[in-house]
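Alright, structures below, take your time with them.
Both of the next two complexes hold chain A, though its partner changes from chain B to chain C.
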Partner chain A sequence: MRPYLLKGHERPLTQVKYNREGDLLISCAKNLYPCLWLAEDGRRLGTYEGHNGAVWTCEISLDSQRLITASADQTVRIWELPTGKELHQIKMNEPCRASALSVGEKLLAFTTDSFMGVPPQIHIVDVDLQAAPGSGPIAGDKPRLTFDAPKGRITRVGWIEQNRVLITSHDGGFVRRWDAETGEMLQEAQVHEDAIQDMQFSADGSYVVTASLDKAAKLVDVTTLEVLKTYKTGRFVQSAAVSPILDHILLGGGQDASQVTTTSAKAGGFEARFFHKIYTEEFGNVRGHFGPINSVAFSPDGRSFVTGGEDGYVRVHHFDNDFFSTKWL
Partner chain B sequence: MARSRIRWADTLDEEEGEFSLPPTSVRGPDSHGVKTTTEFYRNERGDAFKKVTKTKVVHVEKKVYKVTEERRNWPRFGMAATETREDSVTVQQKEEIPFERVRQLKATQQEKKFTDMQAAMQSADKSAIVGSLKDMLYKRRMERELLRAKGLLADAEKPPDEDGGRASGLPAAPKPGSYVPPSVRNRGAGGGNEGESMQQRRRDENSLRVTNLSEDVSEADLQELFRPFGPISRVFLAVDRTTGENRGFAFVNYVYREDADRAIRNLNGYGYDNLILRVEYAAPRAER
Partner chain C sequence: MAATMEPVDPLAVAAQLFRDQPPGFPFEGYDLEELILPDGDDMGIRSDEGGSEEEEVEAVSGFGSVIVVDNLPKVPDEKHDKLLSVLKKIYGQIGNIRDGGVVMPKDAAGVTQGYAFIEFSHPMEAQAARAQTNGYQLDKAHRFVVTLFDDFERYGRVPDEYAPPEAKSVVQQENLHSWLTDKLGRDQFVVRFGDDAVVCWNDGRRGRADEVYKRTFWTESFVQWSPLGNMLATMHRQGIAVWGGTPGGEFVRLNRFQHGGAQLIDFSPGERYVMSYSSVEPTNPRESMGIVLNVFDTRSGKLLRRFEGPMEEYAVGSAAGPQGSLRWPFFKWAGGLDDQYFARLGRGKLCVHQSSDMYMIGKKSIELVGIQDFEWSPAEPLLAVYTAESGQTPARVTLMKLPEKAELRQKNMYSVSDVKIYWHPQGDYLAVKVDRFTKTKKSTTTGFELFSIRERDIPMEVLELPSKIERTLAFAWEPKGHRFAVVHGDTSRPNVSFYSMKDAKGKLGVHLVGTLTNKSVNGLHWSPAGRNIVLSGLKALNGQLEFFNVDEFETMATAEHFMATDVEWDPTGRYVATSVNATHQMENGFNIWTFNGRLLYHTPRDRFYQFCWRPRMPSLLPADKEAEIQKNLKSYSKRYDEEDEALLMQADADVLQERARMAEEWRAWSEARAAYVEAQAAFRREVFGAAAEEPEFTVKTVSVEQVLDVREEPYSGN
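Showing the complex of A and B:
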């Protein structure tokens, strides 16, 4: 395959995400403006300008009309996705990190880091993404519910069980389930020994794949928090994704960025690595980045994937046809 | 008078610069999906060329969401609106990035043999090549046997008696007075000649005829096979001149007759390279 190299950010990428149809791509980085790309040929459609700090995560509405970004500049912003116009800003007093829209897109959950003595928190706000710009509030000014989490950064958040439960991943390797009505912690499990950097849902939402600095990725059942599978890599795992069509797990990561210059490029392990979901064996990899991969994503049709690296590049790979006819394991 | 006259060749030359080439025409795609493009062009010297390009047109159907077609035409905004091609924000990588396999598949026997063979060809390890070659030759031989069984191929050559080939190949009786090589002199004349009898002895004595050999047996293999029974004075493997393969029979001469006896006892009926050897005394020419 001949990947497309997207150089829209001069700083390390934080998250790459496809929209529902898989024709659009949003990339967030530690620079100030997320970018919108056409996933097919990597053409840049636009940038979202307004943030004042690193953009940690983004969330795309199902109709691809709204974009939600959570940033270290202590705001969560809602954008008109096709035009790049900022529609709303939720101002917090702490850096905002993870964000997730509920099923039905009436609620938005996002997390803030601990800051100035305030513990890490999870917030839920009412949103009305369908509201025409100017006709009414797109989101509540204040969260309808805020609850504290134990010490340690909250890296990802997701809605499960018909919006009744929130699932979060944490520094320290914890995955926790929360009652979305009351903010009460329902269950916690330490599935990793080190920070969980990324948590992505499977296509049916019944399990998540967690990527951790303990050099492993794991499949975790969202209802029981039971570890189903473990993928040992020997390298820091920054991001993991589940193929929507095949029993494949895509892992991205590599040596810590601060140590890259002290070793040879080969030792870095900056490949995008493919593991078999069931046999947990690695069967292939795709090279390209010259820094650790910070974020990976499969397109919804499973025929392409995208990686965003510490090197500031986003690489869009479309699988060759023989990838699907080859027996890999 | 002759100068004022316009020769047609001159006019052709002058006109050549002016007369325009036919336009490029495109035919097809025809029923096989082949599109034919015919173009005419000149090189820098003004020679006209016709270039016919045939391209296969393949239609690949790809289903896309209707809404994605609209999105492709969205106007650009933000920094994307002002970017130019020179900014090279999006670049397709020139080189092919392979999907690299991490571990080799547990290949089936046949695939394995093939890949082994290829690997062996590339490596410098000759013993590996020989091993794989044997496999390959064995396969080829089996195919040949199959053809033979079906009657598509002539039967294997019957081994002649010692020196039979040569005898038949020579003119039956040299004309009197013509040159006869010493080795052939007095042949059939009933011996008596010293030099000839020496050779005769060497050829005839303790000579074993080995038949039903496989095609990939070499003289060295025979040496190896027959050496354990005693000193060997000669190994002759009949080789087909055109194909370079052996013809399935060989002659082995022992220095001592006891050794020859033992070789026959041990090797007649011996399974060698999937064939059953026949080892017997070569019929001496005198008896023929």
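Showing the complex of A and C:
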């Protein structure tokens, strides 16, 4: 399982994501240009130029025709994915962080950080991704709904329950559910003791895996916010993903980047680690990065995974066949 | 505000506040006694009860800074001023005397009455004055008796008639030894992490730790086992509590020792006494730190003796740390289980106290000019004392027997730079590491002076390291054996040498057993049973471990516990624990290994502070019986092997059962959520239509040719 090392960013990665088919890969970083890669062999197909700040997250439409990026330059941009042409900008007054398309892709939810006295907010805006470029508005001028969240960064957002509910993860270890119509908070639960850095859905959408600086990852039921499983690692967890085909959880993270140079590279614990989803036992790890891993993702077919690190590298791994025939636990 | 205050019953208030709750809630499960703060402690929260009460307190404590000095000379008026100036001179050194703060009452004839009141600006100074000048010999006939003014009232309250104290009925103590009768012969350990302290069984055979007793906020800093393992001490703001394990596994509080702000603790080897220590911040920055050390009777909880004073009085020689700090323990208990003596260094003297009355032996300290360090033999009241070189007097190591103060053996040495004393754990040998200046005085060489305590006349041998310039990085005696190990040489790749005090025939004579070269080692950890040793490269060396058998002189295993900070053998020498504590941000937790370096289990614990094996009592088995068992080990081990086998099968079955349970739990949950998942999928299908269906993938290779540029150039080749 020799990985492909993709060097397209000079700055730390923020998110890596597959498209629905798993043949394309988008990487976002703190430099200005998200990259599009061929997932099979890591060829770079292009970059998206236009942002003026770190790109925190991205979202790919179901048909892989549109890319949505949320950036610290206070914009959310919609791109034509195959050509790299910028189609639309949603200008905000605060840095934009997480974004998510609703089922049906008529609505886009995104979050802004607290800035200049404005509290952290969640916005929902109408989008029409099918609209041909130039023919009409791709997104509404103003969010149709904006609502405030309690103090602390909103790190991830997702649509659940037939687009009626939004689920968000927060700095203080909170997961919250919101009514997507009214913006009313339905439920909150502090599942972690420290900031949740990443929250990814399972393949069937019934639970999420949260990654936290409290050195653990947890499976959380999206409707009850009940914690189903806990994976303790002993090091900061920056990102976690659920395998779509096996009972595996992939965790990435490691020592805080600001302290990496104080110890040897090995001390950081920068391996991607595999846990058994149900038994919560670690059964393997993959070394490679020389800085903490900021984002991990499984390909939709579950046969490869990708990690993006603070070191600016994206590593694409394809599992060998014996990975699937081995009895890990 | 204060006027309307009435005495309140907290339970009644609670009942009002929590009407719907069962009575007692939420005060159940609390020991109210424990919540009461000691006198004078307000946890840093100032009362807002208004000023009136505060002033009253001030007025009362005004006398706290007044002392009464008795046994002064009775002088007539004309000599009054002279005596006054003498008193001012004596007490002005100790503290700041208030203006007009010295008053000597006179009788009608103008002759002083023989006592004086002196008022300082602070009660602390008054206390220091009493401590320092009580018993002060002014001249032949006058010896000061100094009392705090406030104490008079206290003494006045002592009833004139003796009333015998009521005889207390005997309360049956729990059997604190019950844990030693464990059927599986397991050992216990305590771990401190997060806010919790947990006592566990180490089930090495099944490769897991079984929790015995867990308590959150059990201690405010650390926990400490008593030397024989009967008690566990916990530290609190108010003092120290000791706990004992009951047969049910629960830990109950046996006793409390009040010592506000206690920071450190030391048990006597036989557990009869407990010492607690705290440092006292000076009242003004010009003064130095003070110390308070209390000696308690472990069983009764009675305070037997209190030592107070400025820190520099105690930070002497080897007890002094950097910048005038103290090294704990600066009071050291004599070896053996009798707990008869404890001693500390003074300037040019050694203070040996006997625990029967807590005073120094013969009420006198032992004068030893230039004393720098001392260590008790771990087995008996035998002292090794190091006095430094000064001028023509050589440096000297003396073996002194207490209470006779008899010098059994001494050794003079010249051009000594430093001396370290290492006793053999059973007190059979004494190694003195001597660093000597070379002729140029620019560097030092290291040698060892080795005393054989059990032989007649205590013969001594000298051992020099093969290379004179090498530095010694670590030294350790083999417990229950005749060997020792030395780490020497270059700091990054030192050598480890093993020496034996006896040859194969048991004849005395130190000789080299063998040397391991180029090791990443900075720590030596002998098994308590001897024979095996763990050579560790901790901290900067990232946690390298080598499990070494010295009998066979072979490495049993090498391993790594990444970033490990501590290595501890269990008291039986069967298992080794390595741990990473909270000085590291990550990887916190502990590993348990077998004596031969097989990893049994790893337990990650965030914010990990402490791992301590519970010490065992010394074996009651006589030595010959023990040897017999050693000889017939095979026949015994057969029986235990079978037991182990059964246990392991059981353990495997347990794991599988636990996994099956988890899998079943997950399946049940998934089933319960199936309807939700289906509803979401249906919604997707409805919204996306055909696009939502999972497409069948076919890989097509499409080649597209794109003409970028066409240019014509003349062919210029030959």
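FYI, the second predicted complex is superposed on the first by the 329 of 329 C-alpha atoms of A that agree within 3 Å, B and C clash if a C-alpha of one lies under 4 Å from a C-alpha of the other, contacts with A are read in each partner's own complex, and residues count from 1 in each chain.
By our rule, a contact is a pair of C-beta atoms (placed from the backbone, for glycine too) under 8 Å apart; a residue touches a chain by one contact, two chains touch by 3 or more.
Remember, predicted model here, so these are calculated numbers, not experimental data.
In the superposition on chain A, A:46 contacts chain B only, with no contact to chain C.
When both complexes are overlaid on chain A, the residue A:11 reaches neither chain B nor chain C.
Looking at the shared chain after the overlay, A:21 reaches both chain B and chain C. In the superposed model, A:142 makes contact with neither chain B nor chain C.
Of the two partner chains, neither chain B nor chain C is touched by A:151.
In the superposed model, A:91 lies in contact with neither chain B nor chain C. Contact with chain B, but none with chain C, is seen for A:328 once the two complexes are overlaid on the shared chain.
Of the two partner chains, chain C is the only one that A:204 touches; chain B does not reach it. Chain A residues 21, 329 lie at the interface with chain B in one structure and with chain C in the other. Partner chain A is touched in their complex by these residues of chain C: 542, 562-563, 585-589, 604, 606, 659, 662-663, 666, 669-670, 673, 676-677, 679-681, 683-684, 687-688, 691-692, 695, 697. Residues of chain A that touch chain B in their complex: 1-8, 21, 23-24, 33, 35-38, 41-49, 64, 82-84, 271, 274, 281-288, 317, 319-320, 323, 327-329. Interface of chain A with chain C (complex): residues 21, 62-63, 103-104, 160-163, 204-207, 214-215, 221, 223, 228, 232-236, 254-256, 259, 263-264, 266-269, 277-280, 329.
Considering their complex, residues 64-65, 67-68, 71-72, 74, 76-81, 83, 88-103, 105 of chain B touch chain A.
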